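One chain, chain A, links the two complexes that follow: it is found with chain B in the first and with chain C in the second.
And now, the complex of A and B:
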């Protein structure tokens, strides 16, 4: 009886997992299919699920016309801003935890910055960027994404660092390390899971940003979400290009999340149970 | 190896004064134990020596260097923490080698010294394991190994045995003593456990309220405590404290209920009046009718196997006696106890100091 109910439970769980997987993967598979379909197959009814002959012309067009640079622009702006936010955010979080910088309330004040709806500051930032000459530059987007991600990084890293027993750091200092070396050789290995999980979410935020990328870029550093919208014309919509560009935008994220999955799961559960 | 000198060290936390003008000289190669109740300032003092806490005033010298304002890494010390402070992401070998790598010691020398420490502490078989795969006692050995592998001037221990169970603690105590004898370095050790202090120390520094109450060889503190606090802190069960009247001229001690004990000539100090009489439980025995004795009623009997502790109500006060395991005594019955008066001490009732 027990093994029978255990078996059914397993089957139910598997069915649920399959349903969830289908729900999440269907849009991506559909996009991939569109990017490889001919124009007739895209609008065919009943729908063509798998293109008869994979058509890579949309991808070739994106690379030939230089549209694929948008993915590179996204990689540069999201990548560099993630690195900067992680470095400065971790140092700031360390200072807040170990030196009590800003007293008890600075961390709350910092995270409250993240609660401002981005659209509220979009216009002032646009004016500021115009006067500073940062419109349509890598620096402009990198600075903005770093600033927007810092509160999140500080808040998350603060929690992870708080969980490190201070004895570990003090022991390392007695053993001969400077404070910076302690952060590098003790703190970072201890928060490794949380650090990478935070970095991934930071990267995703910058990667997916549409609002600021639309307002603050023109032609030089157009990022991939903005580029995709360019294919929605008033006369016609280039579905195969949309599919191809979206796939180029999704693939890096899937690679990043896939390789970091181990850290993300560990990082998200860090601090949940005291070891 | 170096000596340690503290001069007038004070430490304040806001209005709270944790350490009050402590001056102390620790001889090179000695094993000094800072002991005292919780909150007496012993750990603060140790952390100040390590440089993990700044001092509010005073100076700290290790050898001929004034280290008062130096960072921990510049003080040339090694320290064992109460929590072991092992890095969970490193193997035992890497944990022990951590301090040597931080100081850029050549790999060959690291290897040699790690294996020397591991052999000395019998952890050679665990070098490839992670701390989570070790028992409490093994972890403590690794923590000690990480300290002794360094060629430091001074070795600090912050209650290193307090997380171990009683049996392991006894074993580790013995090993620490052997280790000190073998490597002959200067050890400063903090504990709240007076047994640890008595068994390990060449010299005990007993603190209370941020000041040194008494320091000296363990037996000096045990047998000639300067005040009632020291007498009560050292010894288990603690020293009995009975309110008595003393007539030093006639060698008489009188209890509140009128019982009188006549001490031998010259046994009592020349003091007349109220006092607190300090009697160690082991200096009380069943009366054989010849030495000074007191009468009371047995309240509680606690056999430990090797000895028997009897709580006796004497003149409305409690007197604990350490008796033979087979002593024929019964709760609620009268008992006559002999006291080795020459081994007892008297404290002034007002200032609590030794008379």
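And now, the complex of A and C:
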């Protein structure tokens, strides 16, 4: 009797779970469908759900017209700023943990920087960039994304480094390794998983940024989120381009959730939840 | 007392400061320079038409108090936050309960549900705008099947429907975040305690109040704080869907501040707004953290 009812409950829960997953997945599928529809199918009434034959012309148009450069720009700015933030952030986190530089105040002060709404600092930074000639340059966006992600990296890496027993480092130093060698050969291998997860999140934050890219770019280093919003014109909306360009931005994220699930909870909760 | 690490002799004095140089850079670039610049410009008079850099007193701050559009934006932001946050929390909790115990395809289903949370809010907004299109979107079509006649709701244009529209996109994108965090918190609740309570004949509400809630509360507080701060500065998703429209119906603080600074070029006034917003947020966060500490 009990096993019979638990069996049915399992089936019921599975059905519910599948329905929920479908609801959350549907908008992404709709986006993917738009990117693969022919113009007639996009503007069919009533709406056509599944394109008869996948039509890749939206993607080809993006590459032919050079719009796809926006994805490359996103890749460069997010990629380079992630590397910089990880290197500098890990070193700073190490100093904060092991040398207790600045005590707890520095660490808390740094994380509090993440709470400032970007729009509040956007204009001063815009003025600074105008006077430095950094508007619409790779360097400009990379520096900004590095600065904005450093608090997150320092905070996360601080948590991971705190978990390493200090004895290990001590014995390595007795063996004659310098501090920097200890960081490279002892600390880094031990925080590998956390380091990698933090890097992925840093990349996501930069990859998804819209406000700063909107304000600090004009034409040369426009990133993909700015490009997507550009297709919503006041006269017409370029549906197929929105679909295709958005999908180019979403595909890397599909790989992330597919492969990194166990790191996501800690990464997104600022280390508060150890999943 | 000498700490363990400083007992190791090396060039610590140089290194301990050299290593935090990047942190200092952050402090200067986003933590200090903008504040000084904001403070300075907010008491000058800089607009599209000219720049008067002499001290003008606090007239821009006085203007804040009488700016109906600003207070409306604050009201919209508050409303958006206090509606979206509980919905995300409750839905996230229910989803977490659904996935708490073993289930076939559990990992795959969780991965699918998580996807909205890691995509760009711009893409989320764009997707929902296309889905809510009055003719070519599937939402009106599905509603039409339910009510049995054609539905042509102008979701992002009709003032009565624009809030549900942006809330749908917001809740769709961030419920998975709450779900994931609550799932992790619930998996850490002591199962022996739960069994003991069940044997004692405690009802589900008592179990929730006496055992589950105290166990997950610290995590819930952090999740609410992170999401709350995100909601208060919401920009991207609303910008993509409505640009704050129709009129100023969905204008939030961030959108209003953007319009003032980058469309109207009211530089001094927008600096005063930015300073004011940072002040409110700082007070709110400190108050929230105090409460959390007291609750502990």
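Here, the second predicted complex is superposed on the first by the 228 of 275 C-alpha atoms of A that agree within 3 Å, B and C clash if a C-alpha of one lies under 4 Å from a C-alpha of the other, contacts with A are read in each partner's own complex, and residues count from 1 in each chain.
In this section, a residue touches a chain if its C-beta (ideal position, glycine included) is under 8 Å from a C-beta of that chain, and two chains touch if they have at least 3 such contacts.
Quick caveat, the model's predicted, so the values are computed rather than measured.
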Query = Of the two partner chains, chain B (first) and chain C (second), which one does A:215 touch, if any: first, second, both, or neither?
reply = second
Inquiry  = A:199 in the overlay: touching chain B, chain C, both, or neither? Say first, second, both or neither.
reply    = neither
Which partner reaches more residues of chain A (counting touched residues only), chain B or chain C = C
Ask   = Once the shared chain is lined up, is A:264 touching chain B (first), chain C (second), both, or neither of them?
value = second
Task = Could you tell me if A:178 is touching chain B, chain C, both of them or neither one (first, second, both, neither)?
result = both
Inquiry  = With both complexes overlaid on chain A, does A:170 touch chain B (first), chain C (second), both or neither?
reply    = both
Query = Touching A:190 in the superposition: chain B (first), chain C (second), both, neither?
reply = first
Request  = Pick out the shared contact residues on chain A: the ones touching chain B in one complex and chain C in the other.
outcome  = 170, 173, 178
Query = Okay, in this complex, where on chain C does chain A touch?
reply = 3-6, 8, 10-12, 15-17, 19-23, 25-27, 29-31, 33-34, 37-38, 41, 95, 98-99, 101, 103-107, 109-124, 126-131, 135-138, 141, 144, 172, 175-177, 180-181, 183-185, 219, 222-223, 226, 229, 232-233, 235-236, 239-240, 253-254, 257-258, 261-262, 267, 270-271, 274-275, 277-278, 281, 285
Note = Counting only contacts in the complex, chain A reaches chain B at residues 165, 167-168, 170-178, 181, 185-186, 189-190, 192
Residue ranges of chain A touching chain C (in the complex, touch as defined) = 10, 13-14, 16-18, 20-21, 24-25, 27-28, 30-31, 34, 42-47, 49, 88-89, 91-92, 94-96, 98-102, 106, 109-110, 112-113, 115-128, 143-144, 147-148, 150-151, 154, 166, 169-170, 173, 178-180, 204, 207-208, 210-211, 215, 224-225, 228-229, 232, 239, 242-243, 246, 249-250, 253-254, 256-258, 261, 264-265, 268-270, 272-275
Chain A-touching residues of chain B, taken from the complex the two chains share = 50-52, 71-73, 75, 77-79, 81-83, 85, 87-89, 98-99, 102-103, 146, 150
